[in-house]
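Here chain A shows up in two complexes: once beside chain B, once beside chain C.
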Partner chain A sequence: MMVSSSRKITPIFGAELDKLVTLPLIWRTFVATFIVNLALTAAFTSANLQGAIGTQSILATGLASMGYLQAGFIILGILATCSEYTGGQIRTTLTTIPWRGLQLSTKHLALAVVTIPMALILTGSGILYAFIMMRDTAAEMEIDTMIKTLLGATGYLTLTTLLSAAIGALFKRTTPALVVLLGYYFIVSPLAREYLPNIQYYFPDTAGSYMYMPLSSGEISSLSPLQGTGIILAWTLFFITAAIVCYRKRDA
Partner chain B sequence: MLTINNVVKHRGNQKILSGVSFSARPGRVTGFLGPNGAGKSSTLRILLGLDRATSGSALIDGVPFAELKNPLATVGAALDGFGAHRMRTGRAHLRWIARAAGLPRSRVEEVLEIVGLTNAAGKRVGTYSLGMGRRLGMAAALLGDPEILVLDEPVNGLDPEGIRWIRTFLRERAASGKTILLSSHLMGELAETVDDVVIIHHGKVVADGTLEEVTGTHSSLEEAFFALTTEHAGAVV
Partner chain C sequence: MRAFNAELSKLFSLPGMWLAFVIGILAPPLLAILDSLAEKEDIIAGVSTRLSEVGFTGLGGGVQGIIILGVLAVSSEYLTESSESGGGNQITTSLTAVSSRLQFLLAKAGAVTVISVLLSILAIGTTVAATHLILGDYAPAFEASRLIGAVCYWTFTALLAFGMTVLTKSGIIPLAVLMINSSVVTISFLLTKVTKLAFYLPDMAGLDMFLSPSGGFHTPFTGGVIMFAWVTVLFLAAAIVFHRRDVAS
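For the complex of A and B:
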């Protein structure tokens, strides 16, 4: 490479950020996820309102829809990379930024920057809603626990988005990437939890859930939040590396 | 200077290009002709680093595309299709390209003006006609004011006014010393625009020379093209 990568990163990062924020599908996905998440949180809050006490109950209720909420972030990740293959944009991208490894890694970085505030808003709004609705029945809110849970949930959704983007880059097409990822998260993983209990903690979604899952008092967790973060981070880096290797080798 | 040197491309068991060699020189418009499926687009894609050659080299000023220090200021490329996401506006499309190359936003407005797309720049690319899409592709190619233009079927979908504009524009750029390589299937149009001609057929170059040399004793470039691309036609001109 003739020019140092560090000098190239800033304009490439800016361009990748521009691509994401000017794509209406990204915002539509965010708004749709926000609305669905709030509706689900309202339903879970209503169901849990009777007999719920303490910070853990508020957090558990506020994040009860995480399983469904992650679908929106999976779609977000896939759209970020597969949109390159709509309208032949990939040709423009690669004739403007021909350094493929740098371009795809910078795209993931820009995606993380867009995803983090989105994830914070979505998880925060869920917890806030549950707090407002349950404050009369719940004990005093523990701010430390709430912040840790909020950051953990944001981190989990961000890593899930990046992993989905890498899968999208491998498939190049939205539909197969969506089928594989939603099939894994909503069919394969729940079944595996049932039938393969010994290895379930190594799956990205199960391990990642320990980043934010509030523990009931006395519950012994199988993974610490740090271990959960390490496992999902390893999966994410593995798929990003695989996507970059394929991207560099194959024809556009 | 563009140099294609003995490029071979296999896709699966199929041989797409069989030792394609030619060059496009500064100050000249080089026309790249061939029937559908002859290997024109494959050659251009390899030149632009989009596809890998099985063997051989495609160089821009002596280096592969991916090793150019500033690709957009060196080569402007417009390939088939719009090259833009359908849901993004034309202006937003050009702005991310400009940002990647470190160009100011004012340059986007300049190229929109050059290609006559200013009024439609705020519309989504999906609403563009074929001709507008070609203009957007040209605008993207011109953003970096490059020394070299590589254009795949640039007049496809353009109205007569657009065709005249692009012919004049390309001639002026060549006159100022820039290198232009364009593929086209419109023989009459090409004959009025190009200085040099390369004809490719079944992945092999069957003619390479000045317009006069390739036309030879035939009455027109079109006649020469059909004579050269008919099965079992003669050797390279």
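For the complex of A and C:
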């Protein structure tokens, strides 16, 4: 059957979006991440408020929980692709959409559309909380730095989600994918940061963190936000491509 | 006893269990090697303040394998098979064979305990060997009481993961919470900066059995007792919920 690719994309995109939005686990993950994030931000804020007056930055405090927040988005990404494989939903999907490359890339697109508002809400709420609590004591904050940081953090979380989705598609099972990603982000990467300071800038999470980290003047070889974005984007595209290639070759 | 043997056989035949074993045996010595290399010069110069902690930091940080063990032991029972093979859960079969739910849970917890004790002894062996390899004659003496503390910490961590997974039925939440909390800067450690109560969290108290992250807030013995209390409470909650819950739900 010859159908032009542009006419295929809209229904496929609608279907993928529909599947993601109706996945109850996605919403539960989002709500849980939101609550945990607020609790952590509250803890960080109260810890910072005990410091000297006028020195704290609202942005740094509001985003201090980013390291833990990304776990929620890693789970989100893995769930999006691995949910297809529990109970054989994948065969139904591929019967109705027999173009595998198109299907998986549209899935990532739909996931990005779902993730961006979520990430914006989460990072925004963290900064807002820190702003309300620290209004009187913290240093002045410029509005355009705040917008830049917010966009950077949202972009970072979205790219991390897409990367996790690609890894999930490669592993096809939730538990191994989760172990590998959490192990990398929370154990291997902090260690690498300590013991391999030269090459850590090329790792997706360290490079990505420059997308939202307020620039500290002390560091010499740090990356600009744009360079950080480029590196994490390259990693994400690499894993998505690998996932699509495997997906096309492999038995479903 | 037969239920216990069955649980052991089920655990050893899980593919994920080999991942847990590999991580459990390799992660602690790897961390210990990195730590020893970083501290080597100070130790040889005799100015290191952390000589007694080298090696034990590996055992404190390398608990990921044991977490996977505790989580998989339960979550594998609840994994839904594909619709082509009936869409069943292993748990229904298990409870048909062993109809007393408490007995089933105890047998499973027993199997997890035995395997974690074995795994932690293996991990201690590799970690001590790795430390001696890097530091040679400067390697610290590993006191038996602290090694026992490390074995207890590992076993209690596995049982905590086990209890949490019985409550949640899926491995995602316990894996995420426990693995993040075993990272280099743990959430519990950050919380101790906010409130002193955080020293009573299971991992902070448990670490006191062989390291002293709290700076001597608990003695090794009270640390162990606090962590054991957490394990007991969680296990009781898990047993009550498991006893009353519909298997199919």
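Heads up, the rule we're going with is that the second predicted complex is superposed on the first by the 236 of 252 C-alpha atoms of A that agree within 3 Å, B and C clash if a C-alpha of one lies under 4 Å from a C-alpha of the other, contacts with A are read in each partner's own complex, and residues count from 1 in each chain.
We take it that contacts are C-beta pairs under 8 Å (C-beta built on N, C-alpha and C of every residue); 3 or more make two chains touch, one makes a residue touch a chain.
Every value quoted in this text rests on a predicted model; they were computed, and no experiment measured them.
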Touched partner set for A:Gly230, first chain B, second chain C, both or neither: neither
Which of chain B and chain C A:Asp18 touches, first, second, both or neither: first
Chain B versus chain C as contact partner of A:Phe186, first or second or both or neither: second
Touched partner set for A:Ala71, first chain B, second chain C, both or neither: second
Which of chain B and chain C A:Trp99 touches, first, second, both or neither: first
Which of chain B and chain C A:Asp251 touches, first, second, both or neither: first
Partner chain in contact with A:Thr86 - chain B first, chain C second, else both or neither: both
Contact residues common to both interfaces of chain A (with chain B and with chain C): 86-88
Interfacial residue positions of chain A with respect to chain C in the complex: 32, 40, 43-44, 46-47, 68, 71, 75, 79, 86-88, 174-176, 178-179, 182-183, 186-187, 190-191, 194-195
Complex contacts: residues of chain A adjacent to chain B: 1-3, 11-12, 14-16, 18-19, 22-25, 83, 86-89, 91-92, 94-100, 249, 251-252
Residues of chain B that touch chain A when the two form their complex: 45, 48-52, 65-69, 71-72, 75, 77, 79-89, 92-93, 95-97, 99-102, 125-126, 140
Partner chain A, residues of chain C touching it in the complex: 16, 19, 23, 27, 31, 34, 37-38, 61, 64, 68, 71-72, 75, 80-84, 87, 171-173, 175-176, 179-180, 182-185, 187, 190-191, 193-194
